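Which chain is which? They are A, B and C, in the order written, and residues in each are numbered from 1.
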């Protein structure tokens, strides 16, 4: 071993690599930030709640009311906390799906909305609402189906001679998105005027729907989906550099592609079924994660999941307090924050 | 734009205006209506020209109306310009409260040369309104939540027509001060408002929709006391003659003891 | 057309063998009835005109394209029976680099070559051994100084070396190289193939190089396979294959073949006749 070998051992390249330790530390920090935000944002809302008593009640996990009135307790635990948890699930799902698409399609602009997946899920949800309105479970199920069908449509459209290149995929996605948008508009015009208003609001992202049964489902799907995608992170790292290269180096490209498409459809489907299309989360959060922590998916996918949860919790808090007691759709806020942020990121790149 | 002396052909672009045209006796001169104009039943025989948001300019012109009645609540400002370009007289009326409705009825009566009938109609409506207001005058005001849609939660704001009706029915809408006509409302604030009664507009154009109280209000004093009243939504949101029906229905529901004979 | 296996050093193991291989690509037959063997410590070059099927053949050998007929044996086992990772541990490919859209350092890039050795498919962290292998190949390809730089910051020649380093990092005994010197200047061309030569000599690796550069093939290859229209035209040592009448028939151009003044091997020079105006 010559002296150059010992230089390598202490080289900055080696140190700056993503390691298990770095990943654990970053994820721990983000988890703590997430938990803090859950607690803090539950103190904020259109109705004033006493801070100390609320914190005490939260700390007791709802077993003790700590002096809160019945109504205050209900507001905190029946309305605000479930909504914040739903925001976390939706944000985590959409950001993770976005990160996975960006890696698989080798395109930093790939995003569930742009690819038509969100609209596919929205159409599925609308069908569920119109034809099976009473049954809650049909919504996430049909949303998942819609998302998967949209994914397949995009993929078939994009398949050219050289396979489905990232450019063709995004182009096909735009076609599918705009087509499905027209379908959605068409269906809304068939509704009467009163329902149009609430549908339009929902389409822009509405976290105010309280579903006791579907919330745990949404949270579970977020966690399971993020885990499933993180477990393929090393394959995605190679896929990000080129499908052929990844194949040569031992990645089972077809299998990973199927996993990403199915899991991402599940994540997008469950989010859209619960809250409509919340845009920009799948675009901006993974970008931020990669900018600050590197492109290695082993760290950027879990970071995107946690960061996405954080982002939507904060955006939703703004949406439900800024013109209180009225509310804005959370998608409007994520767009307002996300679009300028995205322009800034584009300029830096 | 000046009106011809005798108007034979009129088109209505809003359901409440169709009802007013028929109420003043001008129904036989109505040559066009929107697909939402479903009352009175005779209106359904009139030709359709589209819905309130996107009526067909071609169809309207083809029907050769002399006047087109528009409610600005249907967002037709651009449309109005196009009609005037075609030398079709446009009459815009957008009543925000019951007094405005009475005025509109009078105006439509004038346009159609049915002033006498219009005056009669208005008088009767006024009498009924006064009767209601008298009956509930001494009663304590009931705090009411008007639920337009459960999920997402929409209610009636300051500018909504029904807010005036609620006031006249001897109640106070807990969202009367909220800016706008139909704001999307926070679940928390709805819960904190603790309304004593809940109005569910349903059964008319809404069909079977909106027949359940929203989750956040399931434990409200109104829900627990069973004071949830379903009223035909067409009686509450159309600023026309039937609004007085809606007023009576609400008042009777909120203050049943004021109407026992 | 079946031909005999070219000069094979006695006692060297047979590593990758293709028997009567036909491969279709793009709805036409790109490779027809080709057989070849790759032996340890040998470099085999495949040359031929454009469209001869050279790259398609290479892609079939690493399992990317399924052959229409024929069989490929890797260490005696049929290729289609092996899973992706076990193939990647035995066969490494150096091809043209895809456009990199995400920032990645040279070290991270080279470490990608260790994927096939990961204990968990798709997850897991690089081991100490992985790092040592990466560092050794970075030294071998003289990229140590650049290991912390982003791949996008490297010159064309440096990137090609990084591709080579990644392939070497897989520790695969069989190397398939598709036009590895295409974008390299003179100094780098020789360096790259010297690397391959060293590997073959030192570790008994086998290498297959698809190239346009006949003289490079002549200098470095032990065997040459000359292809035309998807078929094997002939094969053998450089002396046996690089004969004027053979080359003229395949490339349809007049050539001059003489002995290289330094190496003594065949040196091919195309002769361009000036265009005559009548």
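Methods note: contacts are C-beta pairs under 8 Å (C-beta built on N, C-alpha and C of every residue); 3 or more make two chains touch, one makes a residue touch a chain.
Fair warning: this is a prediction, and the values are worked out from it, not measured in the lab.
Contacts between chains trace an open chain of neighbours here, each touching only the next in line. Interface comparison, A-B versus A-C: the pair with the greater number of contacting C-beta pairs is A-C. Chain centres here are Cα averages; for chain B and chain C they lie 80 Å apart. Taking each chain's centre as the mean of its C-alpha atoms, chain A lies 42 Å from chain B.
As a whole-number value, the distance joining the C-alpha centres of chain A and chain C reads 43 Å.
Within chain B, contacts with two or more other chains are made by no residue at all. In the complex of the two chains, the chain A residues touching chain B come out as 45-47, 71, 74-75, 78-80, 83, 189, 192-195, 197-198, 201-202, 206, 208-210, 320, 324-329.
Contacts from chain A toward chain C in the complex involve residues 4-5, 7-9, 11-14, 16-17, 19-20, 106-108, 161, 166, 230-235, 237-238, 240-245, 247-252, 256, 290, 294-296, 298. Listed in rising order, the residues of chain B touching chain A in the complex are 36, 51-54, 148-149, 151-154, 175, 178-180, 182-189, 191-192, 194, 205-207, 209-210, 215-216, 219, 233. Those residues of chain C lying in contact with chain A across their complex are 26, 62, 64, 83-85, 87-89, 92-93, 95, 97-109, 111-113, 115-116, 118, 120-126, 131, 135, 138-139, 144, 147-148, 166, 170.
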